[in-house]
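First the structure, then my questions, so here it is.
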Amino acid sequence: MSKEALVEVKNLKTYFYTEEGVVKAVDGVDYEIYPGETLGIVGESGCGKSVTSLSIMRLVESPPGRIEAGEINFKGTDLTKLSEKEMRKIRGNDISMIFQEPMTSLNPVYTVGDQIIEAITLHKGVKRKEARRQAIEMLQKVGIPLPEQRVDEYPHQLSGGMRQRVMIAMALSCDPQLLIADEPTTALDVTIQAQILELMNSLKESYGMAIMMITHDLGVIAEVSDRVAVMYAGKVVEYTDVDTLFDDPKHPYTWGLMNSIPKLDKDVDRLEAIPGSVPSPLNFPEGCKFNTRCPLAKGKCYDVEPPLEDTDGGHMVRCWRYEHLEEIKKRGERIYEDRGVQK
Amino acid sequence: MEWKEILTRLIKNKLSLFGLIIILFFVLVAVFAPYLAPPRSPEDAYEIPRAGWQVEPQPPREGYLFGTAQGSYDIFYGMVWGTRTAFRIGVIVVGLSSLFGIIIGTLSAYYGGIIDEFFMRITDVFMSIPFLVAAMVLTTILGKGLDNVMIALVTFGWMGTARLMRSQVLEIKNEEFVQASIALGASDTRIIFKHIIANCIFPVLIQAFMRMGSMVITASALSFLGVGAPEGYADWGQMITFARDWILGGQGSALKYWYTVVIPGTAIMLFSLSWNLIGDAFRDILDPKLN
Amino acid sequence: MAENLLEVNNLKKYFPVKAGIFKRTVAHVKAVDDISFAVEEGETLGLVGESGCGKSTTGRTILRLLEATAGEVLFEGKNVMELDKKEMRAIRRDMQIIFQDPYASLNPRMTVADIVGEPLDIHNLAKNKKERNEKVKEILENVGLGAEYMNRYPHEFSGGQRQRIGVARALAVDPKLIIADEPVSALDVSVQAQVVNLLQDLQKEYGLTYLFIAHDLSVVKHISDRVAVMYLGKLVELTDKKELFRNPMHPYTQSLLSAIPEADPKKKKDRIILEGDVPSPVDPPSGCRFHPRCPKAFEPCPVKEPEFKEYGDGHFAACHLLDQ
Amino acid sequence: QEEVNSPNTFTYVNIGDQSTLDPHFAYDTGSSEVIYQVYETLIGYDGESVKNFTPLLSTEVPSQENGLISEDGSDYTFLIREGVEFSNGNSLTAEDVKYSFLRGMISDRSGGPIWMLYEPLFGAGFAGLSDVTADVVGVEDPKQLTDEQAEKVLAVLEDKITVDGNRVTFHLESPYPPFLNILAQGASWGSILDKEWSIEQGAWDGTAADIVASHDPVKEEDPLFDKMMGTGPFVLTEWVNGDHVVFNRNNNYWRGPANFKTAIIRNVDEWSTRKLMLLRGDADMIYAPTQYRSQVEGEDGIVVTTGIPALQNMNMILNWDITTEGNSYIGSGKLDGEGIPSDFFADEDVRKAFSYAFNYEAFIEQVRMGEAIQLRGPIVDPLLGYDENSKVYSLNLEKAEEHFQKAFDGELWETGFTMDLVYNSGNDPRKTAADMLKSYIERINPKFNINVRGVQWSTYLDASVRGTLPASFGGWLADFPDPHNFVQPFLDSSGYYANRRGDTYKNWADEVGINDLIAEGISTTDSARREEIYKKLQKMSIDNAIDLWIDQPTKSNTRRTWVKGWYPNAVRPGVDFYSMDKVAE
Amino acid sequence: MINYIIRRFLILPFILFGVTILVFSMIMMLGPYQRLSTYINDPAQLKGQDMDKLISKYGLDDPWYEQYSRWIGGVVHGDFGWSESAGQPVTEAIFSRFPATLELALFAVIPVVMGGIWLGVLSAVHHNQKFDHIIRIISTIGWSFPTFVFGLLVLMIFYGVLGWFPPGRLSADAAAIIRSAEFVRYTGLNVLDGILNLEINVVFDAFRHLIGPIVTLAIVWWSYILRITRSSMLETLRKDYIRTARAKGVAEKFVINKHARRNALIPVVTVAGPMVLGLLGGVVIVESVFGYRGIGQYAAQAAQQLDYSGILGVAMYFSFLLILINLIVDVSYAVIDPRIRLE
């Protein structure tokens, strides 16, 4: 791609030093986000999605967390090197973030207006009155009816969907260049989720910002992203544009993920279930971290961690044996064995 | 979490290890009291022997390792046997009041409605009188003596546990595993004991640890107010109350009678501190939010 | 056609809302408001709907974990609502429940053996400890867990494994009906499939009947034979799953189907995006409860409650449009 | 050289509190100490003396020499001082004096001090108004008097005190040697009230009709409960019970104004606090119990006066006739080693053995820190009948053993015994005394068991009245400095303590003539005869080991060196502020 | 909210009734002879052997319900009977001492609450750092020491050695000013009245006397508030909305002071009731040690002298006070927590 990346994450490692040991939550992640695009990040719970995004915001709780290595270049400056003060100027202004739980992400003791106004006055240097006007405008934009009235309400007076809209209004109030959305719809009902996703899409168009959309729902990914990074155990295992990914997943994990969800339009007798569960970040296996669950794993997979390799035209995969998968796919076989009743 | 694991973690934590060691030390002192400070006769074991009839405290000397307190009471003897008293107060008072609290709290929360209302109003009534004042009144009426002190402390000491237990049970009783058990056809008793109490017990336990020390302190406050253990009974609270009129020293030396206050004071403080440290550590271990 | 194992007739569950000085009941949460359906022996009936629409309440009321406000529940022809304590205990062997939250549904202070063995203890299904442990081992193996896990505590397991333990506990009494209340919602996608497969296998093996509650239509569709759609305490549509997806009659079902994001970027479908939120069940809208959000609402909707009736072979729905 | 703190204020820090300010109601040291500063009596003690009087509101001390006491010793006349004013400006008259005594006799609250007026005026057996009403009109309860009966009673009372100009005469039933002592008691019953003012406050209005209403008032409803109006050197300014009493100087005081404007009595129970207040100079004088005195003795700016005799004693009353019913203090209640029988202490040998098993010397030296003298019977030094050479017991375990062997014909020695020695909790000297007995007696024979038990005051009182205690502690503070005030309560069959020894003792005392001796002692004016009688009673107390006679504590006074003019008096409650001054060294 | 308060008012009579029954039943455990010691504690007064007369005079041998109803009948008319230990009617005794205790409690609560909260917040912010450990140990020690020992030590150091803070409530000179006719007793609180009367000496002197007891109470109760604030703050700092605030770019100082503290204080408010309960208990000891004439000292006295109307009165007034405080707590709860206020 020709455009210059807005954010460039290089070999990011964020560890937590806990009593039980070192949690390698993010263990060498690379990706870029370009202006105006949506990067989807998908992966199972605990694979490090949130920690990556918090690392970009430099909000990883420390102690116990620490960014161990890597660079996060935002428009040419390495965020990991900035002072806390400089970083504060960026937060909420250049990069904003919305979170999974709309119920708990707003401070219950302040009105939603206050919380949006705080963000505006903090970064735009405008008077409170003007900030309030802008806040109402933002609420209007995110589709909250009667914004003049809602602005003085407390979070608990709003429904979940509304709160998420407020969160979005707050995040967008300072025209950020990047919006990090950490599972913004997971806690919402499907019908509300559809509302929010549509809202985000329309706002993205009118604001022209980049979005980093974190989710574990492949449906959402397919709906909103331009490019996708699939994460597993603190690492990106597959990274390409959204169409390619869904057309031709090359990593056995991505494959499994896609086939383990039932489709509305296709009937299958059985789902393909990836066996076992994600290894504990306290002690990842040697070699490829997926080897504990991968049916294709063999030899080298148990010893050496595969690199994130460009297979063709920017389709990056972290697998020694992805070609093997190609063959199986061609044969139209299932790669994951049944794990039902064991006799 | 299993007991073994809890213990391991208590030992790993420096502060709680300190607490455990101190408590262990006191346990040993209590167990070996008859050897450390042989009583004249077993029935009078809790009666502190007097070195004479002198009122003024006398400093440590041969035969009286910690000196003698007001009235020539042997401080060493009082401290050694007082350890047993401290455990007795702690264990019996905390044990019984926690038991009452658990029963009342559990019944209130589990059955709700009028039962809840009834028990909670009773709790309110008992909580309307400051603990120390209430205990003081009851001890005064029952008369001096450790048993009466303990009765008073138990009578007015169960409400905190009851409330804690109630809120715990209210929380737990709607948990899905309780529902699951009901769906399996389990009886009330089984649910209460196997599921509810087992899951509420830790906060209560933590609270109990914290109260172990404070009960000994409260008992000493009662001694101070003149309604505690009878004169000459081996009890730390009494020992420190003996120091009451000597704390400020005399004749130009503020530290003249240091041993009367420092020795029992340290023991009480260490005892209470240790339970608190263990309780604190316990809470940290059991509260995943803080880890 | 098989017998109806479970028949729910005009079931209502209102939760009182207490307020005021004397904590008097000032209103009711009409969590389940007059619903009727039947589940045939051996089939899976899916029950979907948005959060708070009353799915769990339905399930729990059937099992009498909650006492119904009105209506009857016939299990094998017996009205469960009228059973006394002892009969209820007995019937609990035949009806079981699996919960949504794999973390909350297992007692953290009991070992796996005790959790799975509990139903055996309660109903005296094992003569002695040894026999009980044998049985527990067998059940655990059935759900894909090795005997080596028996003496561990729930927190030592992953979500998927815990859910298997929950399933094992329900299976221990050899039930006929299992009400699965969102058993996979809390699980990761890759693990979801494991549990779904397990449930399907168990059904085949033991001839179980499921009432499968979920908010995720795609999962429901995958596992169910028939699907019921619920909205704000009422059933709005109930039919065979193929029929439902081919020919959703109720506007709510239609929008629900279209709202689901599909894991296929090429398929950009036309969405019916509903306005607003689900109204409160305390004071539900008059007439058809869906009318304030319904894109197709017309005159009778706010005033008259549509009847839940059959429109063609086993396809029930409640919408005024259908009567036009 | 130190400067005097607040030279215009005198602060005395004491313990306890006051129960009332009504002189006819008060019967406790705390109250008397306050009353003394405001009210005055007809005569008072001369300085430290408890025998010599000095005139106060009367111009002369009556005596047979000056003719103010009649020949037969039964009429006492006082000449009332002229020109004395109450602090409200009213003049003192003889009427005020008569009113004061009549008002006292009428109000006569139950359990109060007024028996001391009835006994001399009406004779032995008369202890209060009810005895007079019973005698005169046959009504037991004065509250039931009809107006007519009341008139009769009042007339009888008025006959006893007559006024003639400025002369007030008391007509005693028979000679009563300590009568002047009673009137001279520094506070309370002898106080002279302002009649006009008192009636204004609602006190007895002088009529017979008001007797019923004024008799035996409920303390708090007593009109003079919290008000005072006297002729004394100070005026009550503020009384906050249990905390402090503030007096201001009476600038018109007939003997001239006091040395400081304000005097304060503060009540602080905590010793450490009192001590610090003294050391900081915020207190001019404090109450320092013997055992803590060493903490302040020798400090700069502080003087301690010790060895002040106090008309006070401590003994252990032995119960000759223990109530066995519901008694948990006497074990089995039998002579079987597991308890003691009801008549345990009726055996003289047991009493003697106990008397020999007490270390009087150590008790006085260590517990009293030398500030006490051994008792020689109920009468204390320096009252009539006290003989410092009389026989006493001392610790002698062989003798004790001998007596124990003899007791109950040797049976006791064989079976042994178990009993409780009970003291009221918080009283350390009593506890120590009990511990002492226990330690010596258990040493004599391993079969002897004594359990020392502390019980709270109310239980103690209850048990001692019910007679369940095998032995109880007695302590007596004299009402007036006369041996009668000791022998009567301790030895007389109708005395307060005799009651605690049970009927066995009462009968015995009657048989051996103790009661007669006491009666003779109080009605004899002849000093020598009296001395003889009291010496005999002392001797009987010791010879028969009626009780375990322990000690007579002495008092001490602790004050700043800048306090001048303080002097001790064994009888007077509290201190005499008027005599004192604050002057830097 | 209002309903809740009204409900509490309606329950109030039951609780008060319960309290009277409770205390009365304790007193009735004594026999009439023993209860007579309530009236007479000097054996010299019992010379006439008129105990029985006294018992019937005071109605001590009536059945309990008669005695109780006699008493409760008075209570209804605001008459709590006569307090033997105070030598005053109970109500008078309590009201004359109430300002002193109120003054002490008010001034003690300020450092306790301010200091406790401040230290608790600091401790939480420095969670698991040296500062946190030190503060925790000190507070635990403070909690582990008998109050009266502290009191006596404070007395020794600040009065005995330094001469700064004398015991009692006022020195003689200041007391004389207060007694003078010109001095108007507006409130009974010496400090306040001193200010209102422009008597700086009184204010100063009253303060001098207050500091000792305050310090003693504070040492003990600091640790209590500190612990609760600390754990509440720790919990709050982990809340999602704190992360939201940080993500907005709010400076850490404001995150803690504006967003976290207010929320953290909500649970702290709920312990105000128990704290006051304990404080009132502590007052009993502290007032005894410092010779400070307040309700606490009175309670100690009354209990020791078995002055049952006195004890009953103190218990009643303490429960009035507590119920009042709980009402205030509920209201302040609502003020800081809009979720309740708007209910």
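Should a chain be cited, it is by its letter among A, B, C, D and E, assigned in written order, with residues numbered from 1 in that chain.
To be clear about the criterion, a residue touches a chain if its C-beta (ideal position, glycine included) is under 8 Å from a C-beta of that chain, and two chains touch if they have at least 3 such contacts.
It should be emphasised that the depicted structure is a prediction, and the values quoted were computed from it without experimental measurement.
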**Item:** Each chain counted as touching chain A and chain B at once
**Value:** C, E
**Message:** Using C-alpha centres only, name the chain that sits farthest from chain C.
**Reply:** D
**Item:** chain B and chain C, separation of their C-alpha mean positions in angstrom
**Value:** 50
**Request:** Could you tell me the distance, in whole angstrom, between the mean C-alpha positions of chain D and chain E?
**Result:** 40
**Fill in**
Expressed in whole Å, how far the mean CA point of chain A lies from that of chain D is 92
**Request:** Could you please state the distance in Å, as a whole number, between where the Cα atoms of chain B are centred and where those of chain E are centred?
**Result:** 23
**Asked** Of all residues in chain D, which are in touch with two or more distinct other chains?
**Response** 272, 276, 459
**Item:** Multi-chain contact sites of chain B, meaning residues that touch two or more partners
**Value:** 140, 226, 244, 247-249
**Asked** So in the complex, which bits of chain E are touching chain D?
**Response** 30-31, 33-38, 40-51, 53-54, 57, 82, 85-89, 96, 152, 155-156, 159-160, 163, 166-168, 171-173, 175-176, 179, 288-291, 293, 297-298, 301, 306
**Request:** Would you pull the chain A residues touching chain C in the complex into a rising list?
**Result:** 44-45, 159-162, 189-195, 197-198, 216-223, 225, 242-243, 246, 256-258, 260-265, 267-268, 270-275, 277-278, 338-342
**Asked** Taking the complex as given, what residues does chain D use to touch chain B?
**Response** 271-272, 275-276, 290-292, 294-299, 359, 362-363, 366-367, 369, 425-426, 428, 431-432, 435-436, 452-456, 459
**Item:** Interfacial residue positions of chain C with respect to chain A in the complex
**Value:** 50-51, 141-144, 158-161, 188-194, 196-198, 200-202, 205, 215-219, 221-222, 245, 255-266, 271, 273-274, 277-278
**Fill in**
In the complex, the residues of chain E that touch chain B are 11, 14-15, 18-19, 22-23, 26-27, 29-30, 133, 136-137, 140-141, 143-149, 152-153, 155-156, 160-161, 231, 234-235, 238, 274, 277-278, 280-282, 284-285, 288, 299-300, 303-304, 306, 311, 314-315, 318-319, 322-323
